[in-house]
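Here the chain labels run A, B, C and D in written order, and each chain numbers its own residues starting at 1.
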C-alpha cells in the first residue's frame, strides 16, 4: 500500500536549506547558525515524527502489504529502459532510521552549540553538520539505490570534511584523507555491485528490485550465484562505510574530528549506513546464504578484534571508537545470521548509548580542557556529577546490564546466532566473549575516568561541569539508553520484511547475558578501582600480547606494508619510469609523427593560388565525372 | 521583301546623315559662335566665286576634304592594330545609338506604316547606354596604343571620367524610364504628345526637370568637351589621347566627339523635349487649346515632326557650343567631385523621389 | 539564330577566349575578353534574353572590363616575356581544362533539349523585374547589400597604402 | 534561311569557354589575366543558365544571371583593389611571387 506524501522531501530539504544558510549568511553572522543549524534539523525531526505517525496510522487500516509513504519529486535520470527518480520512500525500516538520524542529529546539534561555542569556524561546522544530515536523510529515504548512493557519498564527503575540520593540524588532515581513501575502496566494491544489479535486473529501484531479485539466485558466476556475488560486493561497500574487517582502520583515526562529530557520524548514524543498506536489501541477502555466512563471520571477528584492541587503548576516544567498531560487528553478525530486525534494533540502541557515551566523553574532554588520555584523568565524578551519572547509564547500557537498552538488542543478536534462520553457534560463543570484553573495557574507561585518584595536573587543569546545552542532550540520551529496549524495533522490522516472529530468547540465555555483563564490569572494577596496580602487572607479564593489542593488532602497519608502500613504490615507478618514458614518449611520439608528416605534407601548401585552384579543379572533375557516369 | 529592306536602308542612312550633317553644321556654328563670343569675325577666308558668305560650304566640304587628305603619320612604337581601330570604335559607338532615336512619327505611304526610327527596340534606353559605355574603349585603346605617356594619361582620365558620368546619366535615365514606364524611345515620345490639363504639352522636362539637368550635364561630360575636356586638355597633355593621331584617324576622333554632342542633343530632345512632337499637333492637325481644329494633311504632319526634331536637336547642339565657349575647364578633382559627390547623390535622390511620387500618385504618366 | 551564323559567332567567341588566355599583353587579354563578352551578349539576344544581352554589355563590357583596363594602365603593365606558370602546372591546366570541357560537353549532349514556343515578352524587362521583386526579392536585396559592401571594401582597400 | 542552331550547341560552346577559362586561371602567371579568366568562366556559366532558361522555358535562369553579374561586379571591384594594393606593396602581379599569404 503506497500513499503519496509530499512532506517527505522537506525532511531532506530543510537541513539542505540550513546548509545553504550556514555557508552564505552564516559566514557573515555566525550566531545565526546556532539557531538555524539545530533549528533546521529540529524541524526535520518534527516533520519526520508527523510523517512516521501518519505511516503508523496507515498500518492499522490496511492488512496485507505493509504501508509505505512515497514522494516523487522528479525524474532524475532516464537512459533507455533504465530510470532513476529523485523520490523518497518512508516505510517501517526508513521510519526508524529517519527518527534516529533526525532525533539524535538534533540532540547533537544542540550539544554542539555549547561544545563549539568558541570555535572560529562555528558556522562552517554547522554547515557541514546540516549537509551531513541532509545527505544521510537522502541515503535513508531514497527509493532507489542510485539516490541512496548519492547520500552514501554525501555522508562520506561530510565525514571527510568534519574529520579534517581542524585541518590546520596535519594529523587531522591526514586522518580525513585516510577515511576518504579507505571508504573509496569500499565504495568501488559497492558501485560494482550496483553495476551488476543494473546489468541483470535493469533497475535500481528498491521495490522493482524486490520483485526481480529472484532471478539472481539462479545464475551462477564461477563458484557462486550472482546473488552471492552482488551481495558480497555490496557488503564490501558496507565494510568501508561501517568499518568492518578489513576496512575498519579509518574509524579510530576519525576521532581527530570534534567530539560531536564523532558522536553523530562515527557512532550514531553514518557508520550504520552499511547495516541500513543491507536491511534495505534484505530480500537480496536472503537469496545468498553463502554471503550471509561470510558477513556473519566478518561481523563476529570484527567485534572480537575491536574489543580486544579497545582494552589496551589509553585515549578515551579511541576506546569508544573501537567499541563502535565492535558493536558494528555485532550488527553484521545479526545480519549474517538472519535476524535483521535485531540488527536494526541494535543500530537504534547503539545510537542512543554510543551517542550518549561520545557526548559524555566530549563533556569530559571539554571539562578537562582537551585532555583525552585516560591515564591523566580519574576521580572526576566529584567535579562533573551530571556527566558522571549520564555516563554511568551509557556504560551500563552498552555493557548489557539487564533491563537497559543494550541488553535487549545485543541479546537478540546473540540468541539469533544460536536460534536464527542461519544459525552459527560458534559465532554465538564469540558474541558472548565479546560481551564480556565489552563490559570490561567500558568498565575500564568509566572507572579510570571517574574513580580512583585524580591523576591530572591540578595547576593547569581545573575540571568543571559542562553547560546545559551539553548536559541536556546527555540527559535525553541517557533516558533513551535506559528505556530504549522497550521499543519494538525488531518486531516492526520483522513484520515489515515478512520474517516470522522470532521465538522469545530462552531464559537461560538472558541470565547468562546479564551475568556476563556483571562479570566484565566487576573485573574492571577490581582491576582499576580495587587493585590499580594489577593492569600494570598483567601488561608486563603478557608484554607481547599487550603491545600487540595496544598497537591495534598492527593492522595499520600490515596495510602499510602490503598496500600503502607497494602503492607508493608503484607510484614512484610510474612517475620515474612510465610517465616520462612511456606516456610522455607516446605523446611526444605522436607529436613527432605529426610534425614529420606535416613537414612532408606542407609541401602541398605552397601558398600559390594556382596550386590551390588546381586542387579545386581535381575535385570538380571528380564530382563531374561521377555525375556524368551516373 | 525588297521594299522592306530598302526602307530599312533608307531609315538608317537618313538618321546617320541627319546626325552627320548636324555635325557638319555644328562645326560651322562653332566657329561662328566662338567668333561672336570672342568679338571676332571667324571663318571668313574660304570664298566660292568671291562670295565670302560661303563659309558654311567651306566647313561643310572643304574642312573634311582637307582633313581626310592629310598625311597619316605613323609613329614607331605604337600598336598599329589598336592605333587604327581606336578611332573607328569611337566613331562607330557614337553613331550606332542613333539607331533607336525616333526622328518622326509613323509615315503612312499607301497601306505601309513606316516607323521613323531606324531600329524599333523594346529596350532602346538600355541599348543607348550599352553603346555609349562601349565608346570608352576608343579612348582607352587610342591612348594606350600611342605609346605616349600624355596620351596614356589622357586615356586614363577619359576612361575614369566616362565611367563616372555614365552612372549619373544612367540614373537620370532611370527617372525618365520610371515616368514613362517604358524603355522604348518611340513610346516615350508618343507619351509626350499628350496635354496636361488640356493646354500644357506633357514634355519630359516637366516631369523630370532635375533629370534633364543631370542627363544634360552628364552628356556634356561624356562628349569630353569643355568644361569637361580633361582627357585632351591641350595646356597639360598636348592633345590627350589623340596626341599621336593625324589625318583621317584624327578626323574620326574629332568627329566622334561632335557626334556625341549631337547624340546628347538628340537624346535630350527625345527624352525631355517631346522628340518630334509639336505642341497641339495631332495626326489630324492642330488642336487649339480653346477648342477648334486646324486640319493638316497627315503626311505634312509627319514631315513637320521630322523638321521639329531636327530643329530641337540643332538648338541643343548650339546650346552645347555656347556652353563650351563660355565655361572654363574644371580641375580634375573638381570633375570627379562633381560626378561622384554632386550628380550621383542628386540622381539617386531623383530616382527615389520620382518613384515615391509615382507610388503616391499611382502609375506613370 | 541560324546554325551557320551561330557557328561563326561561336568560333569568334572561342577565338576571343583564347586571346584572353594566350595574349602576352594584358591589354590584348582584356580586349579578347570584351570581344567574348560582347559575342556572348549577342548569343543572349539569340536566346531571347534581351534584357540580359544589353545588361551584359553595360555591366561587363562597359564597366568591369573597363575597370580591368584602367588598372592595367594604372600599373602600366607591359607585354611579358614569361606569361605562363610552371610547365607542370600548364600541362595540368591544359589537361584539366580539356577534361572539364569534354566532360561537360559529353554530359550535355546526351540530354536532348528542345526549344519550346515562348510566351510573349519572354526575356523582356518586365517579367525579369517581376521575378526579381517577388520570388527573388530577398536575394535581390542581399545583392544590393553585397554591392554596397563591395563599394566600401574597394574604396578602403584601394585608398591608401596599407601598413 | 538555314535551320536554327540547336540549344545543345550553346551548351557545348559554354563548356569550351569554361575549359579555356580554367586553363587561363591555372596557366597564367599574371593575376589580372587570371582574374579575367575567372570572368570568362562566370560568363560561360551564364550562357548555360540562359540556354536552359530558353529550353525550359523559364525566366528564373535570367534572374540568376542577373545576380551573377552583380556579384561579378562586386568581385571585380574588390579584387582589382586588392591587386592594386598588391602591386603597390610588392611591385608584382605574378601569382607565383605572392605565396606567403601575408603582406
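Simple rule for what comes next: a residue touches a chain if its C-beta (ideal position, glycine included) is under 8 Å from a C-beta of that chain, and two chains touch if they have at least 3 such contacts.
Being a predicted model, the structure only gives us computed values, none of them experimental.
Enquirer: Counting one step per pair of touching chains, how few steps separate subunit A from subunit B?
Expert: So the least number of steps between the two chains is 2.
Enquirer: Which chain has the mean of its C-alpha atoms lying nearest to the mean of all protein C-alpha atoms shown?
Expert: Nearest to the common C-alpha centre lies chain D.
Enquirer: Compute the distance, rounded to whole Å, between the mean C-alpha positions of subunit B and subunit D.
Expert: 34
Enquirer: If you average the Cα atoms of subunit A and of subunit C to get two centres, how far apart are those centres in Å?
Expert: Here the centre of subunit C sits 84 Å away from the centre of subunit A.
Enquirer: Report, in whole Å, the distance between the mean C-alpha point of subunit A and the mean C-alpha point of subunit D.
Expert: 80
Enquirer: CA centre of subunit C versus CA centre of subunit D: separation in Å?
Expert: 5
Enquirer: Mind pulling the residue numbers of subunit A that touch at least two other chains?
Expert: 610, 614, 617, in rising order.
Enquirer: Which residues does subunit C have that touch at least 2 chains other than itself?
Expert: 51, 55, 63, 67, 74, 85, 89, 92-93, 96, 100, 104, in rising order.
Enquirer: Using the touch definition from the top, which residues of subunit B touch two or more other chains?
Expert: none
Enquirer: Once you've mapped the touching chain pairs, tell me: line, ring, star, complete or other?
Expert: other
Enquirer: Of all possible chain pairs, which ones touch?
Expert: Those chain pairs which touch are A-C, A-D, B-C, C-D.
Enquirer: In the complex formed with subunit C, which residues of subunit D make contact?
Expert: Interface residues on subunit D, with respect to subunit C: 1-30, 32-33, 35-37, 39-40, 43, 46-47, 50-57, 59-60, 62-63, 65-67, 69-78, 80-85, 87-89, 93, 95-96, 103.
Enquirer: Would you mind writing out the residues of subunit C in touch with subunit A in their complex?
Expert: 85, 89, 92-93, 96, 99-100, 103-104, 106-107
Enquirer: For subunit B, which residues count as touching subunit C in their complex?
Expert: Residue list for subunit B touching subunit C: 82, 122-123, 126-127, 129-131, 133-134, 136-137, 140-141, 143-144, 152, 155-156, 159-160, 163, 166, 170, 183.
Enquirer: Across the complex, what residues on subunit A touch subunit D?
Expert: Where subunit A meets subunit D, its residues are 606-610, 613-614, 617.
Enquirer: Applying the document's contact rule, which stretches of subunit D touch subunit A when the two form their complex?
Expert: Touch residues, subunit D against subunit A: 22, 25-26, 31, 34, 95-96, 98-101.
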